[in-house]
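After this come two complexes, each holding chain A, first together with chain B and then together with chain C.
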Partner chain A sequence: MSGATGTNATEAQSSQRTLLQMFLCALGVSVALFVVAGAAISAQAKPPIKVGFLVPLSGANAQNGRDILNGFLLYLEEIGYRAGGREIQLIVEDDEAIPAVGLTKARKLIERDQVHLMAGTLLSSTGYALAPYIDSMKIPMVYPVVSADDLTQRRRSPWIVRTGYTGSQPNHPFGEYAYHTLKLRKVTTIALDYAFGWESVGGFERTFVAEGGTIDQRIWAPVSVHDFAPYLASISRDVDAVYALFLGRTALQFMRQYEEYGLHGRVPLIGAGPTTDEHVLPAMGDEAIGTITALHYSGALDTPANKKFAATYRARYKKVPSYYAESMYTGGKWLIAGIEAAGGNVEDRAAFVQTLRAVKPMDLPRGPVEFDDYGNPIENVYIRRVERVNGELQNTVIHTFPRVSQFWKYNPADYLKQPLYSR
Partner chain B sequence: MSIDLLSVIYLITQTLNGLFSAALLFLIASGLTLAFGVMRIVNIAHGSFYMLGVYVAWTVVTRTQSLLLGAIAAILVVGAIGFAMQRFFLRRFAADPLAQMMMTMGFALVFRDAALMVWGGDPFTLAYPRLLRGSVEVAEVVFPRYRLFVIVVAALVGAGLWMVNERTLIGARLRATVDDPEMASATGINVPLLSGLVFAVGAGLAAFGGVMGGPILGGYPGMDFDLLPLAFVVVIVGGMGSLKGALVGAIAVGMIDNFGKVLVPELSYFTLFAPMVLMLAIKPTGLYGRA
Partner chain C sequence: MAERSEALQGWRLPVLVVLGVLLLAGPPLLTSYWVGLLTQAVILAILAMSLDLLLGYTGLPSLGHAAIFGVAAYGVAVLSTRYQLGFWTCVAGGILAGTLLSALLGLIVSHVRDVYFLMITLALGMVLWGLSYRWIPMTGGDNGLSGIPSLEAHAGLPFSGPIAFYYVALFVFAVSGALMAVLVRSPFGLTLCGIRESEPRMRSLGYNTWLHCYLSYVLAGAFASVSGVVWAYYNSFVSPTYLDLTASSELFLMVTLGGPATLIGPVVGAGVIVLLKNVISAYTARWLLILGIVYIVAILAAPKGLWNLRRGRS
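Up next, the complex of A and B:
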């Protein structure tokens, strides 16, 4: 609007003044913003480190994903979201426990959000689906949980750092323990019919049979199983023990139905750690008592580091930490130790992966950990027995195998010549 | 013990297991088949009623320690949800089965996320009624007491439904509506109200099935689609809209599923769906369905 064409000069003048005021106002705001921004930049010389995080937060595995995330958040809160002189910015995506969705979300995190580092995921299937993409993008990624053996054996990735364990790792020592200490001779195994089940049972069977034990029946239940009746009715009552691998609701249902069919108290139950892990143990009843399992962690581990972690976790999330929760507390600690060791320089990604593989984070809840030459942790394996202490079920540690490698006592080269455990 | 005796015992135990599966399937499939018979609705959200039933019961059982109260609450709450769903949403698409089906699919996803938000994702089981703990042992056959109880309860529910359907006025109206909704409506039957009631009863039955399974199978995210495919097989084999079909279909599917898992575990899906495919090829209307 210009004053010359206006019929009323005062009106034009006043409108011009308003425009000027607006202009000045805008100038003032932008100057203020500039000053603030400048202050922020000078206070923090480097931009934040963006960490992309993938776990299932919806669907059947949502709670496991939530536990993993909670462990990470707990550690990030402890360090105030800062490491290596830089702010840590966490970007969380839900992979829905579907490999294709996980891949899409990983693309989003890496290509649109431009994250420096990645961490997460729960299922082995998603883990395998992501690996080629992560390798092609050359983004360092921490796998806290995915336990598929081959990720650190026959199909190693230069960019993926596993801080968890392999499915067979705790089960190699457990097979020997079952034979020599538990004095078992004949065992029936029942497990979920997929890679995790095969690798757990395979690891147990290998050492148990090598010591002289026999496997009576090998039962594979489809992952969709909910009623165990047909299997439980066909287990011979003459075996020394039943070895089980289940997790989440299948563990809960199995335990309940094992008692229903009169097996509890008659045939001892042993198994892989997840079967009685704290993610499902609080929902179980007395039917779980006495079950002996092997894992690289127990919520009841009696060390100062774990007691502190368990207490803080419980105070923050009102539940006992599961091995999923511990996985990304430790994974997070590992990642942050790497960032500190690299002096905050995550832009040199090749160097950062090397640093990440070399650091030895201290005071981990699960005990001392270091990497083997194949990128898998060498860590303690705990034999745990379910007991009720102060009214709560817990995995009391009854024996510790120190510094267990994914290859157990075997020579890695010979070990890798053998096929992957399968059904 | 001779081998023959062993295998007889084994056969009896596995047959009872099959009957337990059949009992749960019947509770779920009877509602599904009735809703289809009266409204021609393929209800994808029917598994959600099963799931919501056990979650609602969980809330009640943890406070009252009573499975009976939990079951009553589940039937009432989920029945009301079913009624509202039919009254306010599905009825608008009465002439369009595809739109109805898509809407029930949407509801299934909404219920699934809502349950995750309200109850969290940790699995749980309902407490056993104390009287039904342990197992019955008759001449070497060991069978859990609670499972026998569920089989008996489902049989009673089946008998009750049959009585209502065959011997009461409302049953006669129901059968008339299944046969010919337009004609039924012309004779003064309030078809929309009847449809709402049938849908609510079906939802309540599925919820009751969830509660009955609760002490053994528990509740967990994803259970809504656990038994739904089996329930569809039951309805297709038995004949859509037929209660008798649901009963026979449930027993057939329960047995086949159970024995299939034991005898040929690698083919457990094949043994389940092969009879359905055969049935569709030979008699597309199912055992007791009408064209």
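Up next, the complex of A and C:
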């Protein structure tokens, strides 16, 4: 019995050894397989491109932010979230239209989520707050809407690509148009009291006065304005027109009170594009009809590219596209064109920014766009009149200024020597 | 000594030790994003503690405290970007701007109590916000001022980066916190508590209650200014939103949520709010709703603040 046990023991030992050998062998093979397979996978599929996106999704500017996001989502759906052979992964954050929050969220996107690229934001104040941080982190970022003049003038950033416009850009030609075509001589301006308002009014006033017009009164209403009565009461009825810049809730209320004060139909209303932009136009009534504004886009723009965009946007979101929606559809198209041109290589960020500035995406809803030497788009400016067509209000384009630069007809060097538009 | 042991009874001591270790040793193990959030929490904690001096210890509810903080931040921004002054001048300028301003405003607000104090500080806060918004040549208006040099470079420190900045902020926090802790335990601080409990009685005991309230307001303003200076360097920019009512009421929430008159409570409140805001919003677009529910539950479950939880009997 004892001998048998001895043999059994040696057998058990040897079988243990073979088991161990087999196990080690299997381990070695599987490790080798993993390595080979891993190499094959990494050669085949690159990790997704992460795009960080910032817009206000809560608070007073949430609707504008939502439109911007919708435009981007629409384009990403069109291309199936793929570009340059890689998947596009979108990470959205709410900046609440507060600069400090925007900065915190940008830090989160860049430092925690490790995004390759950034896009978005609405307000100039957030745009200015982000710029130094974006520069320090060297992350390419597209600003589709932020229109603060100096971002492409006196305080340019190497890492920020603006695909939108400057606040004064559509208003330079509009000032001349108001004088020569609309035959206006004396205008009162009323606008929201912040940088966007000053730059819009400033641009209009510069060319309008240069042609020979005069500004009767310059009225600034606080951003939190709730009642326009005191402002409207002070407007002289002798002026040829009132120039207005409002957006969102303030635009709706201004239009309504303009009519209540008997000004509608008596003193023509003109203004900056956002005042009658499609983000508020469907909520307006007949009081808006006849208002003439200038912008680089109109939802009613009669081009094949825009008709297609407006139709798909309407089918997807059940409303007309606003300029905010178009801005990030175009901005998204630009970003994707850049990724395609770079062959999906967004890791070389310095090269990618150069590519982004060099690409020329075609068939944009707003018309042809190219960059000037300062990184701001040269694009068409449309003069639009609010009309009711098929029961719906729209911004009918009545005149087009082709290829308008942020400097209009002025020499950039001379232009930049003058101070930024202020109140 | 008796008061201190009472303040740290039960679960509070272990929690405090864990928090302390986390604040001291945590950052090198964290990614820069989390270090950034901790830095924000630490800077805002100084501000929340300074409001606690007023709200918790003196019983003066200020709804304009963020304005003092903002003025100090603007002080740094204006001195460093418009006049390119040196680091210590900017720091001193920022702290002085906020402190002198509260010394001035204190003359107006320290005569009133309760809801009147709330209203008048709210109004003065709005005036200062309006000034930052409208004094465009100096403040840049709505666009704010950006381009404040980084603290490490401006101060000529041999190290830089988020972790270095964090430890600078932590140092300022520790020094300010210690000073405030000494203050509230001093006879002066106890007098403030007495005024909070019954001002007529303190007056009849011969205390100059007006002077105590005034000094409390100025000291709170001075610590708020310290916080504002660090905040300006942290964000490298300032804007009117630092001074607005939303900022002041969020600060109010930090103190009430954490537990007034504890100093540590507001620190916890600041940390909880900074972390909740940023963590929840990363996961859902409905984060405001969740935040609202959390606040309501916290106030219902701990009406005296988180740090005073289960201290009902004392």
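Operating definition for what follows: the second predicted complex is superposed on the first by the 379 of 423 C-alpha atoms of A that agree within 3 Å, B and C clash if a C-alpha of one lies under 4 Å from a C-alpha of the other, contacts with A are read in each partner's own complex, and residues count from 1 in each chain.
Here is the rule we use: a residue touches a chain if its C-beta (ideal position, glycine included) is under 8 Å from a C-beta of that chain, and two chains touch if they have at least 3 such contacts.
Fair warning: this is a prediction, and the values are worked out from it, not measured in the lab.
**Student:** Since both structures carry chain A, what do chain B and chain C do when superposed there: clash or fit?
**Tutor:** fit
**Student:** Where does A:A241 make contact in the superposed view: on chain B (first), on chain C (second), on both, or on neither?
**Tutor:** neither
**Student:** If we overlay the two complexes on their shared chain A, which of chain B and chain C does A:A62 touch? Say first, second, both or neither.
**Tutor:** first
**Student:** Looking at the overlay, does A:P132 come into contact with chain B only (first), chain C only (second), both, or neither?
**Tutor:** second
**Student:** Touch test for A:A106: chain B only (first), chain C only (second), both, or neither?
**Tutor:** After superposition on chain A, A:A106 lies in contact with neither partner.
**Student:** Who does A:G262 touch here: chain B (first), chain C (second), both, or neither?
**Tutor:** Touch status of A:G262: first partner only.
**Student:** Between chain B and chain C, whom does A:Y194 touch in the aligned arrangement: first, second, both, or neither?
**Tutor:** In the superposed model, A:Y194 contacts chain C only, not chain B.
**Student:** What's the minimum Cα gap, in whole angstrom, linking chain B and chain C in the superposed view?
**Tutor:** Closest C-alpha pair between chain B and chain C: 5 Å.
**Student:** If you lay the two complexes on top of each other, which residues of chain A touch chain B in one and chain C in the other?
**Tutor:** Shared contact residues on chain A (touching chain B in one complex, chain C in the other): 58.
**Student:** Along chain A, where are the residues that touch chain B in the complex?
**Tutor:** Residues 58-64, 66, 219-220, 222, 224, 226-227, 229-231, 233-234, 248-249, 252-253, 256-257, 260-262, 279-280, 283.
**Student:** Under the definition above, what is the set of chain C residues touching chain A in their complex?
**Tutor:** These residues of chain C touch chain A: 31-34, 36-37, 40, 134, 136, 141-144, 146-147, 235-237, 239, 241-242, 246, 278, 281-282, 285, 287-288.
**Student:** Looking at the complex, which residues from chain B come into contact with chain A?
**Tutor:** It comes out as residues 10, 13-14, 17, 20-21, 113, 116, 120-125, 134-135, 137, 142, 144, 146-147, 215-218, 220-223, 226-227, 258-259, 261-262, 265, 268.
**Student:** Would you tell me which residues of chain A are touching chain C in their complex?
**Tutor:** Residue list for chain A touching chain C: 57-58, 92-94, 98-100, 103-105, 107-108, 111-112, 124-125, 128-129, 131-133, 148, 193-195, 223, 422-423.
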